[in-house]
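Shared between the two complexes below is chain A, which pairs with chain B and chain C, respectively.
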Partner chain A sequence: MYWATIASGRLAQAALLLLAMSLIAFIGIHSIGNPVFNVVNIETATAEDIRQATTALGLDQPVWKQYFLFLSNIVRGEFGTSYIYHQPAVDLVLGKLPATLELAVFAMLVAAPVGVGLGLLAGRNEGSAFDRVVLRFCVLVASVPSFWLSMMLILGLAVLAGWLPSGGRGDSMLAFGQEWSVLTGDGLRHIILPALALALPNIALICRLARAGTIEVQGQEFTRFCRAKGLSARRILMRHTLPNISIPIVTIIALQFGGMLAFAVVVETIFAWPGVGKLLIDSIQLLDRPVVMATLTFVAVAFVTLNALVDLLYAILDPRVRLS
Partner chain B sequence: MKAIVLRILLQRPGLDRTAGLFRLRLRAGGSQIVLAAFVLVAILAPLISPQNPYDPLQVLGWDASSPPGTVGSGGYAYILGTDGLGRDILSTIFYGLRISLVVSIVSSLAAAMIGLAAGVTAAYFGRWIDAVIMRLVDLQLSLPTILVALIAIVTLGPGVDRIILALIIVQWAVYARMVRGVALSETRKSYMDAAQLLRMPTLRILLRHLLPNSIAPALTLLPIEIGHAIALEATLSFLGLGVPLDKPSLGSAVANGFQYLMTGQYWISLFPGLALLCLVASINFVGDDLRRRLDPRSAAR
Partner chain C sequence: MKSLRALHVGLRLAATVLIGLLAMTASGVQAGDGLRIATAYKLMTLDPHYANLNENTSLLSQIYERLVFQDEELQLQPGLAVGWEAVSTTSWMFKLRADVRFHDGSPFTAEDVVYTVERIRDQLKSPSGGYRSYVSAIKSVSVVDPLAVVFKTDGSVPNLPLALSSVFIMKKPVQGFATTEALNGGMAPNGTGPYRFEGWASGEYLQLAANTDYWAGAPAWPDVTIRVIESPAARVAAITTGEVDVADALPARDVAALKKRGVKIASVGAARINFLQFEMESHTLPGVTDKAGAAIANPFRKLAVRQALALATDRGILVDKILAGYGTAAAQVFPNGLPGTSDKLLPIAPDVTTAKKLLAEAGYPDGFRVLLAGPAGRYPGDSESLQAITQNWARIGITVEPQAVPFSVFNTKRAAGEYGLWYGGASGEAVDIILDALLASPDKARGTGALNFGHYRNATFNAMLSKAESIEAGPVRDAALADATEFVMADLPIIPLYHFHHVTGYGPRIGAYLMHPRGWTTAMQAEPAQE
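== the complex of A and B ==
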């Protein structure tokens, strides 16, 4: 019962957030210009054409009715048909989703262990040469815009060294009704660079967090007790320090996973990875309005939902949150 | 008598903190010098550039894609090479710096002002005004900046003025949250009671008393936010959603060279990108340094 209350409260908050966003989007779209001109040509349309289009789009209705129409279309996933691909916009977005998920999951599987490992080692040897190198790497990566990082990866590893392909998805294999690149050797070679571009900033972030946590935990009584008990440094690090710093790290990993869905826009465009992000940028440039709306809505909903789930997870993992 | 006491109370202790910002001695570290050099180059761009990259008469098409160091038909050397249209990379960087800096500084200043106004208003009036403003802030800060920027660009359309507007929309909430926190603790101080008891007009209380006392932390945020704005503008321009390609910012200069990267003509993208990197890094370091010196908590450490 207790959990049901908390969960429903947090999810209601997320729903309210999405409702507010839809309202802002509605106002935004309607303050920009008359949507009729998305349908009819401004130069050649007669007054009669405009009147018919206005009725067809429901623009002669009162504003609140228009908003409810807008909202119900979003809820039912009806964003219209793509002007370019002549498919329902939602199908298009969902069709591109596996590629993006594959990339994001692969990147996070690289980023989380590497980031945590570096952070633990750097934190344990605070002030050492290794620690300073790791810290400098974190600061450097944080101030590199992600598109620049991607391009340098292409320049270094694809163009100059010629080790890896510079873009595309490569061969893929059919499994569970979807194409997956990671299942073939060629696809795996193609995913390394974009995944690295997505992973590097996250390695820096996770590493900084793990390092700070380790330094804090290492100074506490129980670590000294473990050391006095004669436990090996490795065992202390893996069995006692790691669990104690895991909560904020799990949180940031989950949050960054949502961030990856958004930042995939940049990385996918550069590496020509056929995912949701590339679809968004292509659609914006082709003025394919239904697809743009569907993609943005999808990413926003995914992000807000993920945020809410993380908050719930946090409350389950950390009893202190439950009390407040 | 009562009025005199109230006037004395009105002396604003917090103002010292704000004034302290302007009394800070300039520090001449590496990053400060680099940043100053960047700003100087941006201001002097038309005077020191070998070529005006926006002037079709000066851009020589047959010099396109020359590697660094080539002496062009104009009689001067292309120190960093030329891009696919024959524009001198060095000049493109100089001019691009101007656009990047102007866009980011204008948008950050405007965002700071809007954020300050919103934060002070929320803190002073409280209740539903506070609730509405802060929920809006929460909404915005809960989404990744790149997503908010994309939504804004999609709704607003392309163009330099729209980019600035989008950057303002992305940034204002950070200031609003920070200022509101400070202003909330200021409203409980006695000088605010004094101002209200003297029946000063609300606008005067807000602008002359609450705002100057709440402004300091927001100002320390400014350099770092300018750095963010430069990176974000560059990203949007790179994606082709930013400033128009014929007048490139640093980001679109990098984007211009992307297709040539594959054939090994690295200089078109590399050098503008390095300039961007150094600019953002130097701003970050200067901003960090400023914040550390102004924040009394970290000064105590």
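== the complex of A and C ==
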């Protein structure tokens, strides 16, 4: 009963969020400009072409009518057909999802352990040479714009060293009805650079959080008590410090992961990695409303799900959350 | 949108840094059999009749073919048709090429031509309707024999062969017609072109294999991989590292560094024009005031003002500095030398003194203020041109407020009449197509004036243009078009700025790359290097 109430509350919240998001996005795109000028070839189309296209896309209707039509289509599970690609918008988003998913997962699998590990070690040895190096690395990486970082990775590892390809997805393999790059050697070689570009700023972010938490927890009585009890330094770090600092870290990992799914535009653009972020930005520029709406809905759902997962993790990590 | 522009500027900066550093290093190229192309054109659909955008037609022209095609001089050449003639004023006979087979092995016949026209005209309900205008003048098309068709037209249509040079021929299915959905979703495109379709992902890549039964002989490359790389910096990186053999639409400012790296460069003046256009009908204009900010009457209605502005504009700076030499100063709608251009029209040389004098005579000795709108990042050098013109015109006392906005915003506002002066671009198959759209009076029945957002009306020019268009293709028609252009350009309804160049880079596996003024990128243009 308790869980059912929480779940239904959450779902209602999510539905409200989606509704608000759709309204804002819809009005936003409508006020940027008229998509019809991207559908026809503006340099050759006649006034009659433009009129026909406007009617065909339903853009001659008032905005509120278009919005209600959009909502009623959503209820039937349809996001409509892309103005530009003439494919179902949902198919387009799902088609880009594997690329984004494998990139984000790969990047986070690198960023989370490395960031936490560096942060723990640096925090425990606060003020040491190691700590200073880690801290400087974090400041440097976190303050470098991601397009520059990407370009430097391409320059260093692709152009000068020639070890890795400069862009694209490489070979892919069909699994679960979609193409996946991580399943092939060539695809793995292609994923390393964009994943690094995504992972490095996150390593810095996670590392700083973990370091700060470790320093704070180290000074607390239970850590001193553990030490007095004669526990090994490693055991204290892994069994006592880590769980105590993990709540903010889990939160930031989930948020950053959501961000990678939706907004890794810069990295996806530079490495020509055909993901969701790039689809979103292209669609906004082309005012391809069905695709923008489908992508944003996917992003909102992803964030809602991630937040719910984080809350569940809180309960597992922190007994106090369970009790309340 | 602002952050997007910042991103683009950032990417460009980073690319420049990258290229500079690259110039010092050596290259390592791995060889394979196939051709690898990086293109800015994102293939959005496999339906060759869905949208008339270079993004689609450039890549699809490797799979599908037309009855006639435009060569590098924009002259019509036989494609799937071996010959054509007007049998009367309202009908055309096209003789078709024998022994042509589609990729599925079926023969090409007159039935397929009939099907193609009917598919575009009657069956396809594409919102863009892009190809309908090419066949709208065709009243009927009928099979004479398996290798000949007759087109009957509404009235005389002397440039029907040109219109057909845009139409890709599809195979007639056993029944019904191929829908766009079917073509996008798995049904392999079936054309007659030199390359067969192997695989694609919209906006990502296109995989082709040689059509060994091609009627003009097997093509040069056994297979072709075309990668869509929209970011110019990423295309530059791909051609520099040798990951691709050809990269199109390269930024002119990167060319020198690419050459140092051993990348060869091919370029050609584009069959298009970028220009400034005025609102010339209304008596008051948004964004135009006197120096104090008070509203004034539309100054652009006076020829002397337009002349002064044209004389104040320094095209040399646009072409040499902004386009880094990869542009040609413009005096008419196509680069000089292409069919229908006038060799008497030369770019107006800047002359500040005369410009000032004309402006004073027109009643603006102190100049005025004007908002100059333009798209950002749509054409090479677009927003930089706004800046340069702002400085040019300051010298004759005109205060320009340049306003570069995203292309879709620009189009919406321009169509809504919110601009009084703007930077625009136009392209087309031939001079008359651009003249019709840009300078002929808006006329729904004739379909003219689609780009004439300035509402320029000149009855004499309309008549000259109509007369030229009623002449059959050839030197007489071209001369009449050149006359009409000379006449209308003297009135300066637009200030021609430049024809930018299409710039393509190619690596050591390519012997030569043949540029096309329409800006196409295909495997057929790349000739393998001799071993």
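The definition used in the following text is that the second predicted complex is superposed on the first by the 239 of 324 C-alpha atoms of A that agree within 3 Å, B and C clash if a C-alpha of one lies under 4 Å from a C-alpha of the other, contacts with A are read in each partner's own complex, and residues count from 1 in each chain.
By our rule, a contact is a pair of C-beta atoms (placed from the backbone, for glycine too) under 8 Å apart; a residue touches a chain by one contact, two chains touch by 3 or more.
These numbers were taken from a predicted model, which means no experiment stands behind them.
Trainee: For A:S8, is the partner it touches chain B (first), chain C (second), both, or none of the two (neither)?
Mentor: neither
Trainee: Check whether A:N73 is in contact with chain B, with chain C, with both or with neither, and answer first, second, both or neither.
Mentor: Neither chain B nor chain C is touched by A:N73.
Trainee: Which of the two partners, first being chain B and second being chain C, lies in contact with A:D282: first, second, both, or neither?
Mentor: In the superposition, A:D282 touches chain C alone.
Trainee: Looking at A:Y85 after the superposition, I want to know if it touches chain B, chain C, both of them or none. Which is it: first, second, both, neither?
Mentor: Second partner only, chain C.
Trainee: After lining up the shared chain so the two structures overlap, which partner does A:V159 touch, if you call chain B first and chain C second: first, second, both or neither?
Mentor: So A:V159 meets both chain B and chain C here.
Trainee: Have a look at where A:G168 lands relative to chain B and chain C in the superposition and call it first, second, both or neither.
Mentor: Touch status of A:G168: second partner only.
Trainee: Output check: A:E48 vs chain B and chain C. Expected answer is one of first, second, both, neither. What do you get?
Mentor: After superposition on chain A, A:E48 lies in contact with chain C alone.
Trainee: Return first, second, both or neither, reflecting whether A:F303 touches chain B, chain C, both chains, or no partner chain.
Mentor: First partner only.
Trainee: Who does A:T269 touch here: chain B (first), chain C (second), both, or neither?
Mentor: both
Trainee: What's your read, chain B or chain C touching more residues of chain A?
Mentor: Of chain B and chain C, more residues of chain A lie in contact with C.
Trainee: For chain A, give the residues common to its interface with chain B and its interface with chain C.
Mentor: 32, 145, 147-148, 151, 154-155, 159-160, 166, 265-266, 269-270, 281, 285
Trainee: Show me the residue ranges of chain B that touch chain A in the complex, using the header's touch definition.
Mentor: 135-136, 138-139, 142-144, 146-147, 150-151, 153-157, 227, 231, 234-235, 238-241, 251, 254, 258, 261-262, 264, 266, 269-270, 273, 276-277, 280-281, 284
Trainee: In the complex of these two chains, what residues of chain A are touching chain C?
Mentor: 32-35, 37-50, 52-53, 56-57, 83-87, 92, 95, 145, 147-148, 151, 154-155, 158-160, 162, 165-169, 179, 265-266, 269-272, 274, 279, 281-282, 285-287
Trainee: Within their complex, state which residues of chain A touch chain B.
Mentor: On the chain A side, the touching residues are 17, 20-21, 24-25, 28-29, 32, 140, 143-148, 151-152, 154-155, 159-160, 166, 258-259, 262-263, 265-266, 269-270, 280-281, 284-285, 292, 296, 299-300, 303-304, 307.
Trainee: Where on chain C does chain A make contact in their complex?
Mentor: Residues in contact with chain A: 1, 4, 7, 10-11, 14-15, 17-18, 21-22, 25, 28, 44-45, 47, 50-53, 125-130, 132-133, 180-181, 184-185, 201-204, 227-231, 233-234, 237-238, 240-241, 243, 272, 406-409, 411-413, 415, 425-428, 433, 437, 442, 444, 447-451.
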